[in-house]
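One structure is given below, represented as structure tokens, and several questions about it will come after.
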Amino acid sequence: MRFRPPVLSWSLGVMIVFILVLSPILTTAQAPPPPETTVVETTPPTTPPEPPKAPEPPTKFTAVDNPNDDGMKALLTWELSPQDNPMLEKKENPVKGYRILRKGPEDTEWMTVTVQPAGITSYVDSRDLLNSLPYSYRIVALGEQEAESTALEVDSVITKPQVFNTGRLNTLICILLFGAIVLSYIYRARKGHELFVRRIAGLDAVDEAIGRATEMGRPILYISGLHSIEDISTVAAVTILGRVARKTAEYETPLLVPNYDALVMLVEQETVKQAYMEAGHPDAYSNDMVFYLTSSQFGYVAAVDGIMLREKPAANFYMGYYYAEALILAETGAQTGAIQIAGTDSVTQLPFFITSCDYTIIGEELYAASAYLSKEPLQIGSLKAQDVAKLIIGVFMLAGIIASIFGWLGIANLFIAK
Amino acid sequence: MKEILRGFLKIDRRWIFLFVLLGVLIPLATGKGLHHSYPGNEVKLVYNFIENLQPGDIVMLSMDYDPATIPELDPMSRALLRHCFNKGVRVMALTLHPAGAGICIAVIDELLAEYSQPGINPDGSERPARQYGQDIVFMGYKPGTDAVMLGMGEDVRLLFPQDYAGTEIPPYHGDPKETSLPMMCDVKNYNDVKCVITISGTRMPEYWVAYAYQRYHVKIATGVTAVMFADYYPYLQTGQMIGLIPGMKGAADYEELINHPDRGMVGMLPQSIIHLLIVAFIILGNIAFFIVRREDKQEGKKGGKKK
Amino acid sequence: MKREVPVFICMVMGLVMIVQFFVPHPVSQAIYQTILKWLIIVVTFAMVLGILSLARLHLTKLRRGDKDWFYSLVAISSLFVTLLTGFFNFKITDSFIIEGWKVPFSFFTISFASGLAAGTPFMNLFEYIQVPMQATMFSLLAFFIASASFRTFRARTPEATLLLVAAVIVMVGRVPVGHMISSAIPALSDWILVNPNMAAKRGILIGVGLGGISMALKIILGIERSWLGGGGE
Amino acid sequence: MKNKWLLLLIGIGMAIVVGFLSKFTFYSTGEGENMVMHNWLGLTAAAILTLGIFTFLYKDNPFYKFAEHLLVGSSAGYTLVIYFHNFVRPNLIDAVVNGFKKVGEMQSAGTYNFVDSILKNGGIWAIVPGIMGFLILFRLSRKLGWLSRYSIGFYMGTAMGIAIPVAFQASIIEQVRGTILQTATTTPTPVFNLDFFAALIANPSWSAFVLAVSGPLVIIGIFCTLIYFFFSKEHTGVVGVFSKVGIWFLMLGFGASFGATVMARISLLIGRMDFLINDWIKGVILPLFGG
């Protein structure tokens, strides 16, 4: 690999430092700090003298503000009553469940919040709580016929919203780190370092396909998927369309771009127009090249199939994201004998493109495509950054697997999406 | 010979289309089905679970699918309902898919009509007539997937004060005589149902496991489309689902287990025909392909005119 | 003004939304919900342009009177009828009865209200025109999946061989015939479905994730501007 | 010849449109409780159009063209209507109207102040997307078309900002965890699980062997697939070998999911045939002719 050592070691170093900082914070994020509130054991006036069947109460009842939320939620935890044995069947278990009661500042008496089944040790109360008001909580274990144990009580819990979700710290670190890598490589590319990119089979065929269409004097059909412009694969498709349009402009090959999404149509009209201007044929462009059909999946397919059968394009491009319609398009295209080049990151549809298209650009290659075609240092740089990120991810996965074999899940637990 | 093979390799796809069409049309028109579908273990698990229930036990059936997946999933609902009705197991039906209500009503009405008279089960035992409110209740559709699943762990009445027709749900342990839905007197929450069966063409089963199973430890059985089946296999291995009914094949399996062949079984014939048709075409195609290629190579050696 | 401002707006909004993701505070949640609604509104306006483009396409065909003008007429009129019945609620009154003979005509009142209730002409058009045709387009896959597998499953290369072998095993394993032959086939097909399949998907997903994120970053930072039209500049 | 076709198709079209506007299209079966209304014209139209789409398999023909254009036109209109009624009306029109109402009330009540009436008034803010939308419409003008870029920029930025963290969670963080741990389980177990090997050694059996090697195999597959997507190096030497293995895994996976999809697709066709045979022929045609 031709990575300049500093960058790689630097980014790895940063990552490890982050992890060292991160692991304690994350672990604390898992288990919120014990509250300052005091645990008082009282016999509620309401309950009659204990009937014999009443189970022992749970222990260590705590109630705190639920972390990482918009407030208005209280996190209640307790330890099972000594008699509560989750291993037993529901019938045998002397403890039937836990009733949780709440008393707000204005309330005069306790209201039942919920009854949780036996074996459960935590509950998040979000039932019309208000922020920055003191609430009191009580928990009792329930036995046969709802016989209540003595109650545990926690006073003056105050819920408040947080401004940072510590559970998502790992995501933040990933973003910062990856952003840093991308920028550093783009910077290096700007400085004019030669950066190598392997060839991507499908893309070499693009020019060939356009050339063939030109010889046959037939149009080219370009489809940019069924997602709107907010999907990144659609953006990649638009970028590739830019290159294709420039070629068709040079060769003066007719270009057809039917659209599923109106916003994508607007963007593509700009892109294609620009491409024709750069190729020096602004007059050859018309808005009828890039047009909208319908935003109904199979209505769109029906129309595109019609276009294929009537206009007989010599080359079909399917870039972007696809659903079940992929095979219908590709097979109809094959029927008309067109060269077909597909590129998608939709895992479920790749099999069908692979089988019925001449060339298929798989997953990430679609994003690499724009870089590969343009050869702009900016693009290539970001491609390099992705490889570095892959290395780092690989290292972490390997470490995590080895650790997990010996039963240590610390690394795996760094990668929890909340 | 070679020309024939070449011709076969370049056969007009419309012949294949014709074969597929006939392969589906003829069995459906004649209404003939396979006799055996060789049930898979994942389906047997579900069947045995229901089979071992006592009459009067209650299961929750959540039909979370829309018209697009009816051909695959409807047969499952029917087979399951038939099994429950035969056994006298009572069913609390609901749907968490916005487009599901109409489908559920259609299926339930049809099954109730079929069981409107006392009859003999396939295994020879007598069974009384099954009726709405007594043996099955349809709660209707409720938005808010996870909230509904969690809520029903406390009390179904919190989310479904009435059934789909607007009939009041009687109180828990209420007097069965005072209501038209006596069955609901015995249902408060998951503790009162033996298992939840979710039939879905979406990611719904994952939610059921995440909320209903992991918090309330209610058993989950699932019916899914053939496409999604693989995604749920791990849940089966780890015992988070007690069973899995995959696609139309699964439905046919179940129909065989309760030996009451229906649409699933009818569908199995065209399915088998076309699967085999495709496989046959692939194999023949490859044989022809290899023969032609070998002869081309030989020609290449001889004359060298082919490149 | 024509390029810099949009790029700037894009950058600001992007950063705002990223920050928002990490802030559970009610205010940020409210912002998120509101913005989502806004996006859909923008899309709807774009859709108007789309419809206009569709209409223009077919109107030109009509004016030019080229050989498929009739179908353009069909498209235009169905579009028009749908919009009409959708924006104006045609409420059907009961057909009246003369001496027990049911007159097969009925009055309908027109009001500017959502024509989305079940049984309205709009919904009928949806239920009896669109749904069946879309379902049928969908079902064409049964034919194409057959022709595709015949045409393309040829053991040209080791990779192609793997592809077709896996496909054949799973296909046979999914129908009763597979069990008839040997119970090993279904087991094998399930195993392939669960293990190698999952490995491949995961590998692709990680790559896709990275590629997509770097693209998105470049857009937010104004490095990738293809969405403005034109190449990188 | 052509004209005959046209007349036939126009006839069908008119019939459909008229049909949907009149009660004439309904006939009922059964009595009282279980009386069912059938829209025979609707079902017939659906059936005819279904056949029309199927004819496409033979070759392009007027019948298909008719169905196709009908579908495109109506579905395009449908989406717009749905979007309008479900999103624009409540979130733009109604919201803005209410917003101004609120301001008016405050003024009439004399409690008007800028902060409450503008900044804290969600309704007023709903004007922003309205403006964004109108900017898009400027695309219709040659001179001011560039204004539409403002709203597209707004849209792009927002979408990308939302996409980035989600993508990291879904396709990086969760996937890494999923590679290390079998996350479907309530108590996660390692994918590379030594217990399985222990079980294998304890009582060697085929199934135990499969269970034991599956995990490591998946891990190898993931790594090799990742290496295939490595762009900084030509696929030669060691990298070449690994990426080759990666391709094998890809192909196995693709083949498997192809095979698994067949059943679902054929079910769809069965569904349509079911509609034609049971709902239409048996449900409409035969009853209509007293069958």
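Here the chain labels run A, B, C and D in written order, and each chain numbers its own residues starting at 1.
The rule we apply is simple: a contact is a pair of C-beta atoms (placed from the backbone, for glycine too) under 8 Å apart; a residue touches a chain by one contact, two chains touch by 3 or more.
Being a predicted model, the structure only gives us computed values, none of them experimental.
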Distance-to-centre winner among chains (Cα means, whole assembly as reference): D
Which of A-B and B-C has more C-beta pairs touching across its chains: B-C
Chain whose mean Cα position lies farthest from chain A: B
Between chain A and chain B, centroid-to-centroid distance (C-alpha), Å: 30
Averaged-CA centre spacing for the pair chain C and chain B, given as whole angstrom: 26
Gap in Å, rounded to a whole number, between the CA centres of chain D and chain A: 17
Distance from chain D to chain C - Cα centre to Cα centre, in angstrom: 5
Contacts with 2+ other chains: residues of chain A: 168, 171, 175, 178, 228-230, 232, 263, 266-267, 270, 292-296, 298-299, 302, 310, 348, 350, 352, 354-355, 362-364, 368, 383, 386, 390, 393
Per-residue multi-chain contacts in chain C, two or more chains: 18, 21-22, 39, 42-43, 46-51, 54, 68, 130-131, 133-135, 137-138, 140-143, 145, 147, 149, 151, 153, 163-164, 167-168, 171, 174-175, 193-194, 197-198, 201, 204-208, 210, 212-213, 216-217, 219, 227-228
Residues within chain D bordering two or more other chains: 53, 56-57, 65, 67-68, 71-72, 74-76, 78-79, 136, 139, 149, 152, 155-156, 158-160, 162-165, 167-168, 170, 172, 176, 179, 219, 222-223, 226, 229, 250, 254-258, 260-263, 266, 268-269, 271
Residues of chain B defined as touching chain C within the complex: 11, 13, 16-17, 19-21, 24, 34, 36-38, 40, 67-68, 226, 229-230, 233-234, 247, 249, 252, 268, 271-272, 274-279, 281-283, 285-286, 289-290
Chain B residues touching chain A - in the complex, by the definition given at the top: 13, 153-154, 191, 215-217, 227
Residues of chain A that touch chain B when the two form their complex: 90, 114-115, 117, 119-120, 335, 348
Residues on chain A engaged by chain C in the complex (per definition of touch): 68-71, 161-165, 168, 171-172, 175, 178-179, 182-183, 186, 228-230, 232-233, 235-236, 238-239, 242, 259, 261-263, 265-267, 269-271, 273-275, 278, 287-288, 291-299, 301-302, 310, 324-325, 327-328, 330-332, 334, 345, 347, 350, 352, 354-356, 362-364, 366-368, 370, 374, 376, 378-379, 382-383, 385-386, 389-390, 393
Chain A residues touching chain D - in the complex, by the definition given at the top: 1-3, 168, 170-171, 174-175, 178, 195-199, 228-232, 263, 266-267, 270, 292-296, 298-300, 302-303, 305-306, 309-310, 348, 350-352, 354-355, 362-365, 368, 383-384, 386-387, 390, 393-394, 396-397, 400-401, 404-405, 407, 409, 411-412, 415-417
